[in-house]
Structures are given as structure tokens and as C-alpha cells.
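Here's the structure, in C-alpha cells; my notes come after.
Letters A, B, C, D and E mark the chains as written, and numbering starts fresh at 1 in each.
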């Protein structure tokens, strides 16, 4: 690995909901500028992992290091300010608000009003679909368009690290390509991306590095190429044998 | 096992609560003075016992008086007023009658039948009072009557104006309940004639409660018989009601006069809006539209209440001296209920108890009942003397407002009236 | 009865003012309901407390101008609301609506009886010089106080529209009412906004009380019916739709005025609640029910 | 039926309750105590019937006093005008209120949750206002008065006894509580109760196992309506006066408090809540009246209520279980 | 695991157990299913696959009566059940599970099963109230069936636990047992292998095959292609609410349209 600049480091994280432990001893590293994907079956704990990093779920033990600092006790608001954005899975926008308003809400933790409007304009230029639907209620958009809005909401923070949960869930293949291309583009402009994907094959295509989770534990890790060639991964997650 | 233990704990709770609640009845409570909120008459009297009373004698048995009144809920103003009058009366009596200290026991009947049953039960069985004052609302009084009968404890009522009660008390079956306030029917005849003499048509507006509705039942049929047409009849929830729609309607009917049956609670609001809409009709009233409280509530603009003619019993116009004493004591104006409470205590219960003591009899509820039935007391508002339906006929009074003050117009003799059909 | 235009206009005006009055009272409740999801059965009692506050301020030895008094009532009521939120609502905010309901019913019992113990059961009037000043445009007599209520209600509703659509706080409130989980993701402190919403609801209730009670009187049990009418308006307007609740309140005012004026006052509340129940049968989501949010 | 410890368990609490209730008058026969006991019986029946809907079906109906009030007014007519006996009145009231509940249920079960609660509250207010305004029918605010008291005529008696003493009322009333408990247990501890739970927890899933949710909701609503209707009928004959205030919101408030503070959907919870909150107000008044004004009693009541909600999240029933668990824990350690 | 049970192969002329004819379902104008035809033969194991949002669950809901399709018919054993209520359809012999496992959390494991059986035991509500002798018999029978099902799925020890205390995998097994409880002919499973560990996936597969051997028909929605390939005799592929392919697992794997839409080539 050429880039040794660690942006995110998880050490022996245990986490869960109430008495149910979902994550068991998870360790993970992400380097600046990478796309790191987390693969695994439903219920493996991938989403919980992202939520734990972002702080919506509190780890019971272990350490979350971001840019060399422990952010285990830092509020989500503060995390947003420090440049971590989180795009949850599913319809995670404000459906009765317009795209414009959704983007403004995405920038909730920022206070520079003028700059926010400028950034929204820029995003609209970059993603024509946003420009087209700028004053339409987000709930009236199609699933793919909504996903685009949600990613754009994350981008409003100009994050250095973006956590994206299943961005292509249930999308048509063409859209999948489009969304993944956007993610790649975001990455190219300098944002580190941690992505949870069910579509393992497509995820590996854009990733630099990948982890495979099973039942709340890390099963495997390696560069995307390595895992792509790994027979076990192919069998379990790529739908081929 | 867990369940059995749970049951055990539960039973302990039930037993302790139930028995604690009943304790006073199981072992008659030692004579403790009641903490009436504004006064400690008993304490005071014990020390200032007049020297004429035999000083060496041990303190005499207390007289226990129960108040069965709506003290919380929508009718709380009524019970509260009663109690103020009663407390003032006890203070003026020196807190005792012939050396027997007076103890007051509260029971909140919330103005509802069910709670009234509970309240009378408490007064009769737990507090074991010798005489009760109250009822307050007609429905509460009606519901408490069987319990009063069974508990064999006399009760004096001042404001249950429902004519139904007349037929059920005294020779009607319940010799324990006495009314010093006259009911709607007794008052209604005279007042209908009075109104019909002056105007040809009337719009009727009343409080939407027992008081307003009960009056409506009497006046709406009586007025046409006396010769005045009733052009509209409306009732409003007291207090928050916006009367403007009704006032607009009254305007459209073009009646010569308005008859309003309202307590002090709603009358000020009604009259304020009456003036706002610009109505100029003569206003006749029953309830609390010329009282001190009304004038207090409209003191910002005395024109609001100007010229209302109100008919009532127990009105300060007949006994201005009492109104002054009341104001001195509470810094508040007299209302009918405050008046009624005072008269029930000072001019009815107290003389009866004195009579019992004078005869050297024991202060039992039955003896007090007989003494009340035999009362013949002259008061500023007429005689308190009960007929065979345990009804006393005090005088009615006509009052009006002038320059923000109540002015006494005339007295009206109230006579027994045929109650068949009620 | 022949149709008289003047009477009709009068009824229309009455319906408008009554509706404005109901909607001012409802507004404070619908905000907390839609943003925090609290069914507050003590709302009317907060109005009552604000009314007594007005009474006390009007009867102070120092005479303050009415505008100052209104501002004070608004501030104090917002403060009461904050205290109530901190003490009683905050600890149970995550619980079911049943817990909310019973806790606020308990609060309502406490407030009503505290008022009874402190102020006695006598109704208190709080007239201002404006409530006795009557003007008569087009031959319809109306007090300035009532006109002020109409104007202020209109301003408040316009203000609420602007607030909700164009300010960050307003947008945040809409956001919470639409998707609570997502709010955490963008960094909204929902607990803090809940407190602010309660304070805002309190302030509006204070404003309503400061304007409305001069026309009526204040007494301890006045809140119950106000709460129920507000709840009915909220449900009829479509569960937490601010505008829906306002329209529903106006509708109730109109029904009471016209049905009362032309048919029967005894049954006006029967009809307005009957309409409410009917609306639920026909449109279970309310008249203006949308799927999500404010 | 194989009589195991398991199957007897649900019956222990009601039987103990009934035995205590039946024996209490032996120790204290004052009218006050009996009146309190009658109120306990009344509220227990009311709360159990309310819980059938609110606790077991999960639809919090704030309109149950409708059945109570109409049952009472119906009885005033049946007993007063038609001279029907007390039992007849109760049965007829129960029948018609069950019917009314079925009709109301068909309309109201289209809505759910808070909307259902507020909708039924609206219906209760409409009913109360109609009772208040329809003077010809109900006597309006002046109430219907003079409902005859029950007359008991058993086969071996020569003439009927007029029931007027509290103790007579009490013992005539107690079997109705027994009946209510039997109905409550029979329904909730059986397969119907299981279906109720299924409907309450997940209507979609319930449909998927073949349960038609509306049917069970209607069954619960009708049963509740019948019991409350009979109760209203009884109350009319006990108090002899029926007013619109008998349908007032306070009743719903008390029910909510008893059932939800006690523990909804659990017999032990309803019994604990019902008994405590029907004894508490007269207790506060009788014992506390020397020290507090009624307003302060009410404030205390409100404070107790809020306190319970804030500090005992699983209700009094849950609290009792927790205390017992701790006791048991200590005992086990000790042994 | 190549266990093709020839004994369960449908006769060629036998009418289908379930037939879906031209079902169309829209939500707010968005078409979720468009003119879909499909059938399931008695004793068959059919899988319904496709990307999320392709209409699989919508199809399940249309068959089981939770949705009312705008067009088309659902026939079960030759009789139309299109607009029947869900509970009626269950009583006719179609049971189902849910994607986001649904059980009754406060009921015990045994009661969860019992409540699934009881509706099938008697029809008449009045009888249920008054005919207590029969109830006891039914109840005994229900417990018997439940016990044997718990044994089958391996939850015997948990019988008196509240269902809420089960872990995710156990809940799935309980839900599966509940689907078997009323002795249905057609069992519809919505993602039976999702979110459980590999051992449990194998257990689930075994269960499905075993139960199928006893003559039950299965219609399964599943994402785990390993499971789908192992247990399906026939696969139907949906995409954008339309049926794009149908056939044996091996054929489906080769189908270019499926490759494009589902496997993502």
C-alpha cells in the first residue's frame, strides 16, 4: 500500500442494540483517498458498523480513531463538522421538502449561509438531475433520484470521509453504474469513501480495498483485486460457482 | 410463587388503604378542630370563651357541621362562595354555640350525583356530623337525598333551584332536607308577570348548566302565559363562550328585551359583548348580574351593567349590612351563594341548635331536624319558616346597577305555589 | 326568518373571529404535536395559566402599556412551557403516546387545581381599554380587541408560513416531523429542538391568551374544552398539518357561528364535533392529511 | 381439564380479591366503607371492561362512558316508565350497548392509534352534549331523576325486598364483579385472548395466520360495551339520578389512569390500578380533608399520577413484580 | 446439494395449485407489477427472484390478499381468490412469512404456534364461546401439533419463553414453524435465508426440502443465489414489475436478460 495516511481506524469494536450484540471485535482501517467497501450477507452487521462509526449506535468497547483522534465520545454534530458524512440506506431524506431544502438540511451543521447556496448551485451544475428537480418534493422523485439527493446531502458537508450504506439497493443496473460512477468521481476529488454494498461484484469494481463481514465478525479483508479472485468470496457473494 | 407473593403485597395495600379510610368510623375521631382555610374559630373561642359561660366546665362536645358542596370542578365557585359565607357566620357566632365549639367538615361533591353520594356518605358515616349544609347543584342534591334520608341527618340547602325537589321533601317523603332558597317555579311566576308588564317580547339566554336550563324550563312556558312572547332560547357553556353569534341572532329577532339567567361567572362576559354588538334592549336577569362581583368584573366600564334589572333571593340589596361585613372580612363582594351560605349557617342552623340546647335536649341530628322544622326566624330578607314541604319563603328582591353599583329596587313577597307536574 | 344581509355578514364575521380565536389556541398545540409527537392534554391549561398571568400583570400597581404586558405574557408562557417540558415531558419523550397522554392529564389536574387554590373559583376578567372600544365599519359594530385578534391571527399564520418555509429553525422543525432518524444524520439535536418547539408553542399560546382573555374571563377549569377542541381541530386537519389544523379551526368557528345563528345554539357543539367525527369516518387521514410531516 | 398449578395461576388473584371483598363488610359496616367498596366494585368492572379494548386489542377508546351513560338513561326509561326489574334492565342495557358497540366499532375501527382515541373522545363529547340538550329525552342538564331502586324477589320469598341499604347493594353488586372477572378471564386466557394479543401486536401478521382483526376488535368492543352498559344500568339504580356529567371526561380520565398506571392488558395491573385509584380519592378526602382543601387533594392526586408515569415506566404492576423479584432474590440468597 | 425429488414432480396434465393471471398493481401511479402471469404446480418448489423493487414482495402481497391488484386474477386450486381478505386466503391453505420477520413478541413460542393453528380448527365464533368441550379437544390437538413443529425446527427448549426473547435466527425458525402450523398446501417464504448464518441457511434449506417431501408446495423469494439454486425446481425472474424469464435454475443462469438485470453483467 503506497498511501500510509490512515483516516479511519477501528480497534476491536463491540457494539449493538440494548442487550443484543451485533458487532463482535471489529477492526478496520481506511486510508486517505481510498474507496473501502464492506461486503457481507444481510444481518452481518455492515449497517451497524457504519452507524457505530458515525455514533448513532454507541460502541460498548473498542476505539474509533479519525484522523488520529479518538471520536468515540464526540457528538454526531461535531463529527459532521470534522468532515464525516453519513448516507444511510433506504429512503433517508425529508420527503415533503424540496430537493433544495433537503440539501440545505444536509448542510445543517454549517453556518455559512452564502457559501451553502453556492455549494448547492455547484452541486446542481454537477448533477443535472438535481437542477431539474431542484424545487420538487424529494418524496416525489424516483428511487434512484432520491439516492442521488441523499448522496448530494452528504456532499454538502464537503466531507473528508463519507460513509455510504447500500447506495444501489434495488436499483436498475444502469442506475447502479451511474451511482457508482458518481461515488468514484467524489472519491477522485479527494474524499475517502467507506461503502456498504450488497452488490459485491460492482462494489469490488470501484473499491481499492474491501472487508467481508459475517455474523458481526470480520471474515476476510484484502485489496479489491485479491478478493475478486478469491474463490470463497466468489462462491459466497458473487453468485457464481 | 411470584404471583402469590404479588397477591400478598396487593392485599396488604388494599387492606391498609380500605381500613385507613374507614378508621374514623370504626373509632370515632377525637374532637379535633377543623382547619377551615381562613379561620381557626374553635381555637379562638376556646380562649376567648365569654365569662358568662361556666369557666370551670370542661370543653363541651363539639357541633359537627358537614359541607356537601362542589369545591372543585366547573361549579367550584359555588361551593367556595357557600363556604365563605358559612365561615363568616361561624366567626360572627364566636366559633361556638353556647360553648359548643363548631367543627366544619368538607366533602367535595364536584356538583355531580355520584360524587354527591360519596360526599354525604363521608359526612354521615366518617365525620358523623349532626347537620349538613349544601348540595349546591340540584342534581347533586337529588342524588344525595336517599343517603340523607337513610343517614337521618338534616341538611340545609340554599341554591338547588330545581322544582322537582319540592315534591320530594317534607311531606313528599324526605323530612331531612330543608330549602331556604326558593326554587325556579316559586320565583318564576312573579318575575314573569313583572317582565310581561314592561315588554312584549323576550329573547332568553341561559348558562348551559342546571341553573340556566332549569330556569329556562320555567320561564319559557311562563312568559307567554304572562303575556310576553319568547322569540329565542339559547344556552351557552359558561365562561369561554363567544356570545356574539347569539347576540347577532337576538338582534335579528328584534325582541324588546333580553332575559339572561347567568351566574357571576358568565354574566360580565355576556354583557360586555352585548354592549359591543350595540344592543340596547332592556336586560332582565336572574343570577349574578347585579352583584358586587359582577360590578367588580365590569369596573373598567360601568356602562356595561347599567340598568340591568335582576330578580333574586338572598341579595345584598336586602341586607346591605351583611354585604359590608362580608367585604370587610374577605375584601370581596357578596354573591347569592355567599349570601346563602351565611344565612344557612347563621339564621337557620345556629338558631336551631340554640333551640335544641335551650330545651336541654341532646344535640342529635333528629333533635336538630325537629328544631329546624319548627324555626321561625326573622331576617333582613324575610322569615325563615318552613312549610310542610320543608321550604322557606324568604323575600325576593329586585335590584339594578347604577354607576357600577348595585341599587336595591324593590322587595317581592314569595308565596307557595302549586308544584304538581314537576 | 327572512334573509338579512347584515345579519349574514355579522355571522360571517363572528365565524371568522371565532375561527381565528380557535386557531390561535390550536396553533401552539399543533406545533408540539407535529414536531415532537406529544399529545398534550394540558395545553388548554397552559392557556389558562397564561390568562391568569395577564390578569396579574393588568392588576399590578405599576401600570404598563398593553403591548408590554402582551410581550411579558408571551415570554412568561414560553418560560412555563419550557419548565413543563424539562420537568414532565423530557423524561418521557421517547415513550408511547399513552404515557404522554396520562402524564399531561396529570399535569392538567395539577394546574387546574393549583389555579383553584391560588385564584379561587371566581372568574377573573381582564378587560383592556381596547376591548371596550367599539368601531363600526359598514354598520357592523366590533371591538378593537376583536379586530386585533383577527389581524394578529392573520399575521401569525402568515408568519408561521414564512417561519416554517424560510428559516433554518422552521425547516429543522419540518425536517424532524418528516424523518426523525435522518435528523441525527445531518446533526440536528432533536431534544434541543423539542424544547425550542415547546417554548415556541408556549409563546404562541401566551399571545393567544393575552389577546383573547380580555374578551372573556379566566377561570380554573376553562382549559379542558379548549384542549379538546384543539385536539379535534388537529385530527380533523390531518394529524399534525399546521395549515390543516388552522383551516379546521376556522371551519369549527364557522359551523358554530352559522349553525348557532341560524339553527340552534344548544346543538352547535354537537354539530361541530359531529362534523369532526364524520370527517374521520369519511377521511380517516383528516381533511388535509398528507403522508408525512409538517 | 388437567388441573395443574400452571392453569390455576390466573385464578388466584381474582379469587383472593373476591374473598377479601366479600369479607370486608364483616369488619366494617359503615355506609361510607360500603360506599367505597361499591365504588371499588364499580371501577373494577369499568376498568376491566375498558381494558378488554384498550389493553388487549390495543385500541384506546376514550368513548366508553357513552355506553355507561346510555345504559343508565335506558334503565331510567325501562325501570321508570316500563317498570322492568333490575336484572332485566341490566340485561337489556347490556344487549343494546353491545349492539351499539358493534355499530360504533364498524365505523371507528377504520381509524387507529391517537386518531382513534381522539375520535372516540369526540364521539363521547357529542353524546354528552346531546344528553345535555335533548331535554325531552334525558332531562338535559337537570338530569333524569327518580330511577326506582332494585327489588329482589327470590323464589322462597313471600314479597320482594326493596334494595336500599348499602350492604344490600353491595352484596347484590358483587356477583356482577364475579361475572365480569369470569368473562375477562374466559376471554383473555383463552384462544380468543391469544387472538386479541395477536391483533394488538401486529394486525398484518394476524391476518397472515387467518385472524380477521376487525372481527376480534368488534368482539372486544361489544363485550366491553355490554359490561359497561350493564354497569351504567346498575349505577342508575344505585344513585337514582342520571346526568350528562355521568358521561363526562373525568370518567375516561380515571379509566386511563387505573388501567395504564396499573398495567394495561394484565389482570393484576388492572386490579391493582382499579383498587388503588378508586380508593385514593375518597381516602384523600376522608382522611386528608382535615389537612388539605379539596384543591390540594386533587393536586396531590395529579402529582402521584405524574410521579408514577415518570418514575415507574412499567406501571404499578411492573413495580410490584420488580419489588417481589428483589425480595425473592434476597430470600433465595439467604436460604 | 443436488436433491431433485422426482416423487414431487407434478404430473404434466395436473392443473396448477396457484395461478396468477395478468396481475397489475400500481402505487400512486407507479407500476409495481405489470401484467404478470405465473403459476405454481402442486408439490413444486418455485423461486421468485429479481432486484429489489422488482415487485416480488408486491406479488406476495397480491397473492395473499394484502394488496388489491388493479387488474388480473389470482386462482388457487382453480378458484378465484383475488379480492379475498388475507385471513380467508390463509384459511384456504396459503401461509406466508415476511421479509422483516413477524412474530407476536409477547406471546410465548408455543402460543405463537397455537394462534396460528386455532383459526383453522373451528369456523364458528359462537361455537368458540359456548362449545367448551370442543375447545379443550382442539386445544390439546393444537399443543400436540405445536410440539411436533417445535421439535422439527429445534425450538423445544424455548416453548414457554416469550417470543421477544428469541434471537433473530430463532425467530425466523419460529415464523417458519408458524407457517407450517395450519397444515397449508402452499407455503410462501419471503427471504428465508436472509440475515442468518451459514449453518442456519443450511438448516433452512434442509427444512424446506424435508417439508416439500411431505407434499407441501413452496413459493420462495430469496436473494441468496446459493439457496435459490439449491432448492428451486423452477425460477421466475421479475424486473421492473415484469416477468423477464422463467425456467430451470440452469437455464436461468444462462439467460442473457437475467444476466443483465439481475446478475449484473
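The rule we apply is simple: a residue touches a chain if its C-beta (ideal position, glycine included) is under 8 Å from a C-beta of that chain, and two chains touch if they have at least 3 such contacts.
Since we're looking at a predicted model, the values are computed, not measured.
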Between B-C and A-C, the pair joined by more C-beta contacts: B-C
Centroid-based (C-alpha) most distant chain relative to subunit E: B
Separation of subunit A from subunit B, taking each centre as the mean of its C-alpha atoms, in whole Å: 75
Rounded Å distance, subunit A centre to subunit C centre (Cα mean): 44
Centre-to-centre distance between subunit E and subunit C (centres being mean Cα positions), rounded to whole Å: 51
Distance between the centres, which are taken as Cα means, of subunit C and subunit B, whole angstrom: 35
Multi-chain contact sites of subunit B, meaning residues that touch two or more partners: 72, 76, 208, 235
Shared-contact residues (touching 2 or more other chains) in subunit C: 113, 116, 266, 269
Of subunit B, residues touching subunit C in the complex: 72-74, 76-81, 208, 234-237, 239-242, 244-246, 248-249, 251-253, 264-266, 268-269, 272-273, 275-278, 293, 297-298, 300-301, 304, 332
Residue ranges of subunit D touching subunit E (in the complex, touch as defined): 1, 190-192, 194-195, 197-198, 201-202, 204-212, 215, 219
For the subunit D and subunit B complex, residues of the former touching the latter: 9, 12-13, 16-17, 20, 24, 27-28, 30-33, 35-37, 39, 132-133, 135, 140-143, 145, 149, 164-166, 235, 238-243, 245-246, 248, 268, 271-272, 275-276, 279-280, 282-283, 285-287, 289-291, 293-295, 297-298, 320-321, 323-325, 327-328
Parts of subunit C lying in touch with subunit A, wherever the complex brings them together: 168, 171-172, 174-175, 178-179, 181-182, 184-189, 290-294
List of subunit B residues in touch with subunit D within their complex: 1-7, 9-11, 13-15, 17-26, 32, 34-35, 37, 71-72, 76, 105-108, 111-114, 117-118, 121-122, 124-127, 138-139, 142-143, 146-147, 150-151, 162, 164, 208-210, 212-214, 217, 235
